[in-house]
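In what follows, structures are represented as structure tokens.
Presented sequentially are two complexes of chain A, the first with chain B as partner and the second with chain C.
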Partner chain A sequence: MQKRNISPNNFEQCVKCAICTDFCPVLKVLPSYPGPKHGGPDGERLRLKNALFFDSNLKYCLNCKRCEVACPSGVRIADIIHSARDRYGEDRPSLRDWMLANTDTMGTLASPFAPVVNGALGLGVTKSVLDGVMKIDHRRTFPKYAGRKFTTWFRREAEAAQAGYKKQVSYFHGCYVNYNYPQLGKDFVRVMNALGYGVRLLDKEKCCGVAMMSGGMFDAARRNAAVNLASVGAAASEGRLTLTTSSTCTLTMREEYPGVLGIDNEAVRDDIVLAVRFIFEAVERGEVQLAFKEGFRARAAYHVPCHMEKLGWSLFTRALMERIPGMELVPLESICCGIAGTYGFKKENYERSQRIGQPLFDNIAQVRPDFVVCECETCKWQIEMSTGVEVRNPISVLAEALDLEATAALNHQ
Partner chain B sequence: MKFDVIIIGSGQAGMQVAAALQRSGRKTAVIGLGRSINEVEVKPYEQLGGTLLIGDSVTGGIFDGDRLQAVRTANLGAYPLEADDFVIATGKFLGRGLVADMDGIYEPLFGLDVDYDPDRSHWFDADFGACQPFLRFGVRTDAQSRPSVGGRTVTNLYACGELLAGVSAVEGRDAIAGSAARVIGQLKPSDHAEA
Partner chain C sequence: MNNEYDVIIIGGGITGAGTARDCALRGLRVLLVERGDIADGATGRNHGLLHSGARYAVKDGESARECIAENRILRRIAPHCVEDTQGLFITLPEDEEAGYGLDYQQRFIQACRDAGISAEAMDPREAVRLEPSVNPRLIGAVKVPDGSVDPFKLCAANILDARLHGADILTYAEVQSLILEGSAVRGIRVRKRRSGETAEYRARVTVNAAGIWGQAIVRMAGAQISMFPAKGALLVFAHRVNHVVINRCRKSADGDILVPGDTVTVIGTTSTKIPFEDCDDLNVTPDEVALLLREGSQLCPTLASTRILRAYAGVRPLVAADNDPSGRNISRGIVCLDHATRDGIESFVTITGGKLMTYRLMAQMATDAVCDKLGVSEPCTTHTALLPPTVDNAFTAGTPDGELVCECENVTMGQIRSAIRNFDIHSLADLRRRTRVGMGTCQGTYCVRKAAAALAEAQGSPADARPLAEEYLGERWKGMMPVGWGDTLREMEFMQRVFKAGAPSTFK
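For the complex of A and B:
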């Protein structure tokens, strides 16, 4: 008798309750979408019989993972859907899909010409061409490219000082910090240094691969995964955890490498940790002290990104933010913002993307916060574009609220 | 992280206890594998400042003698969640509060004592429409709704809902609500101060 579940991603455990269907944000705005139960465990039974049962509409899945969070039986529904896209999907990625997915290549090409690229991407004529030729929606605001990459800044301005700290961590900065928003990486380094930790880059870092998986480029994602896991492993062998500032990169490397790409990451999985969690735990254990600026006042709303919901770590962000004197943190309703990384840039998805996020935008308008706290960069693009309210990573909030000199003095005794 | 009360299970009974205790000023957290269609209690609970860990499951407990000190979860890994008191409301077989195998029926999280008939032939009634005997099996508790392990009461753990012996949704929701109300009575601040 088979006593234990041995099916990939727990698909045999589905009891057909359909609660996942009730929580699917795509199905709410696109009733013709098969939905998580149909496209996931139900469809998998059919696909195992015959690949002809593969439904190409599964590309409309946001991979928000809300189905998995809702599932009372522990079925990894989104992983089943994405594995099916990998095995049976026949759509060839277009040039657009390739450009949106290859964040490292595009970032490296664009960074040296950032002012020109940023200017051009903001022009109506460029947007029309991108829309007409590339099918990238003209209403989407592009994230700006930084003139100087985070890694360039780090090597020139920060690296030399890092060896002076007794405790060391590695940093997986991700594409967004490197090419678009180095300020977050700088905030991270400043905060960690004040807490008494030196920061090291990984031997080699590639995009976590989430955009590639979304665009159907699973083999390319596997190559990136191999590089990243080797680097995290090398850091771990020297006693360094790898900290991150993006919830999606974190979830991808911890959960999707095994679940979707079929790569065993067990040996290094727990060496990949979001910085907010790491800092909260260190503070709680009394290993580091925080000294806050006097007079910091903010009323912030907390949007838990879908992938943070799936990680189940939002309690750490909440607890850390609540330690800041003068900080009022209003929780927003748990709703997907709709962008799902590169998904919302695609012309065929743009309107659906905005309709999915509308209840969240309304909620933010009602709360009227000074800013929104959120660990995800693409939620940031979506919320800032759609509401005009600024979105800050909790690490940047911490960098602003901390008296960094006083904190450093406390932690260097 | 330390809470006053951690509730394991986010079904009808678990949410009823969590919302009532949070409303009465206690700092609570709910750990629940999955959501339910009937989420009337969830939004008010979160607005009251309750901590909801949905999509997570308890992997084990840390005991100090007869006291449950902390629980670990799948999502949080080695990080323990501590509390003064715990409530378990994980349901019966469908909710995985109880597990049956060829050798018997057990409670999988802490190995709590379960009331059931060891003779398998008595587990079910051949009349499909009858109230099936296995639906009356469940965790045994003392007069204060506290379950036991190997006959020894866990002094700060309370059980309610369908997990209990004799309580089943098939016979109506009142018994579930009643069992939750008894646990709320045990854990509300005023009662707690006297205890």
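For the complex of A and C:
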């Protein structure tokens, strides 16, 4: 008789309870969306019979994975939907998808001319061009490109000192830190140094690929994945974990490389860890000590990004934030903010994107925090644009709340 | 309904349906009676293989020629019921050891060609490319024009077309005796199952197309025919694992055909002689399940870990040759008996044996016999006349008819309503045979309430929704029991949790 009948076709595990349907934010605002159950496990079975069952509305999936978190059967619903778009989606990626998805290329091109680009991206005329030609919604504020890339700063100002630390970690900074918000990377380096860790860059780092996947460019994403996994593996072989500050990059490299791209990452999966989790655990184990500034006061709201929900790691952030004296942390209702990476940037998604996030924006307005804590960069764009409230990564919050010198002294052996 | 006909056909399986259609197309006034729903017998419980004939080529060239001719005709007249999957006959290393190696493969190819069946030897690697799920240990493969056929649709299409040409169709009416006058059969006495009423219908000729139950009908006429009920068990895997039919290139044996049909894959079959009394309530045994799984995994290794939806069984209507009362010499071919020449009973024809996919030829033979008796000389046209669609398919999403009822099988409310309009539907099982509602992964757990409510409402008795649902789930449960482990067990537990309260009778 069968020893197990759980086939590699994970959709078979679905018992059709439809719980996932209740958790899908897209279905709430777009009734023609097939939903996680019918687009995922049901649809996969139908598509195996005939590819014509592929529903092009699946492109509206946010990949928020809230369906997967809810599913009692462990069905990788969003992965199934994503892979189906890879295999059956006949829509070829448009120029716009290239521009949004190739964050690496676009970042590289734009960065040396940041003031010009930022100016241009803020200008009404350019926005209308983007709106008309590229179908990027003109109501969006575009993430600003920083003047100096994180990696440039790191090489010039920080790298030399890193060898002086006994313990070492590698840092997967991601596109956002490198091109749009180097400050977060700097904060990370300062915090890790204070904790007694030297920071190294990976041999080679490429965009994790999440934007490419959501734009339908799966082969390009596979090429990036191969580079990143090789670099993480090389670091691991020298005894370094790879830490991250972005929940999305983390989930992509840990879960989506195997689940969506079909790449086996078993050997290095557990070497990729979000910095908040790493720090929290190190503190718990007594390996590092924290010393906080006196007089730190803040009322912050915590938004759990979808991918953090999927990782199941939000408790690490909360526990770490709650250790900060003077910090009042108000958890927000866990719902999708609606941006889902580059999704909300697309003109056809803008309205829907805002409607999905509206309950969250209302919640924030009600709480009236000094700032919102959140591990995801695209949530940051969305929340800042839609509420005017500043959003900070927990690592930046830590960098501000810690007395770095005192901490360094505690951890100096 | 007038009570006088040219011809009465007993049995609403594929043979009866095809015969009713052929008779109607030739201008006869036709009544078909079926004790249950159409396609309720062997027609609704088989493997759905559109044989190329290759399976019979070595041993029985005549059957092989019959198959390939009908195969070509069905593709033409019923494209909506047939899928051109192609078929592979594979040779495994152990077949070679058992004397069915590549020499046998050569004989097989030659026999196919002699019967007019295209048979093309393939390199094993090429075969894996064509069908990635096939056992990679294969040492040889032959490609033949097998296909799959949807028995429910095919039967319903024949019934609809018969009706379009004036035939009356009476379901849920059981023939209890024949009207005999002297040495002639003049009609039938039926009991309508739902009302309990009895009625008489007269005809100039009566055709017995009652499948395995035809033996009892012949007895009602005062004659004898020895039939051998041969049970065949099958397993339904939860999704389409293969896209090409996979057979073993060796002497036919149990569990050696894997057919992709609609959303699923079916492995079959076994063959066990069973007592007549058991034909109405078939069960699949653990031994049969084990055998099918073992043999299935030889054809396609992933079956060993693929979720199984359910198990079911059917009975082949096999007939012993007339000159062999011992029954050793069983014919798998078509048997068309004119009881006037055989038994001295006038106006009575029996048509049985054969296969699902040779039904048209069987119907033609029976109809020729009927026309002969009636002095009608209209020629048969069923080899060229297209069969109609059975249920409307196109319903716009967002409209009430476009609402999805069964999400596993993608069945809309519009399809359900159209089936209820077009056919005599009394249970969700009837509705399933017309639309596939509840045939998917959850076996009705998700959709049974919606479907039952729609049916009860159409019948004008909304209060019946609950018993309709319970009856259906009970039937589904029976098929799940023999394979109740792994994900299927989880499904059963979930089904039980959702429905148990208030419906204990469903899950005895």
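Throughout what follows, the second predicted complex is superposed on the first by the 405 of 413 C-alpha atoms of A that agree within 3 Å, B and C clash if a C-alpha of one lies under 4 Å from a C-alpha of the other, contacts with A are read in each partner's own complex, and residues count from 1 in each chain.
Keep this in mind: a residue touches a chain if its C-beta (ideal position, glycine included) is under 8 Å from a C-beta of that chain, and two chains touch if they have at least 3 such contacts.
Everything numeric here is computed off the predicted structure, so don't read it as measured data.
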{"item": "Touching partner for A:70 - first (chain B), second (chain C), both, neither", "value": "first"}
{"item": "Contacts of A:53 with chain B and chain C, given as first, second, both or neither", "value": "second"}
{"item": "Touched partner set for A:42, first chain B, second chain C, both or neither", "value": "second"}
{"item": "Touching partner for A:226 - first (chain B), second (chain C), both, neither", "value": "neither"}
{"item": "Partner chain in contact with A:15 - chain B first, chain C second, else both or neither", "value": "both"}
{"item": "Touching partner for A:309 - first (chain B), second (chain C), both, neither", "value": "first"}
{"item": "Touching partner for A:32 - first (chain B), second (chain C), both, neither", "value": "second"}
{"item": "Common interface residues of chain A - those touching chain B in one complex and chain C in the other", "value": "1, 3, 15, 73"}
{"item": "List of chain A residues in touch with chain C within their complex", "value": "1-9, 11-18, 31-32, 37-38, 41-42, 44-46, 48-49, 53, 73"}
{"item": "List of chain C residues in touch with chain A within their complex", "value": "238-240, 262-263, 289-290, 293, 302, 304-308, 397-398, 404, 407-408, 410, 440-442, 445-446, 485-488, 490-491, 494"}
{"item": "List of chain B residues in touch with chain A within their complex", "value": "1, 29, 33-37, 43, 46, 51, 53-57, 73, 75-79, 94-95, 101-102"}
{"item": "Contact footprint of chain B on chain A as seen in their complex", "value": "1, 3, 15, 19, 22-23, 68-74, 270, 281, 284, 309-313, 315, 318-319, 331, 333"}
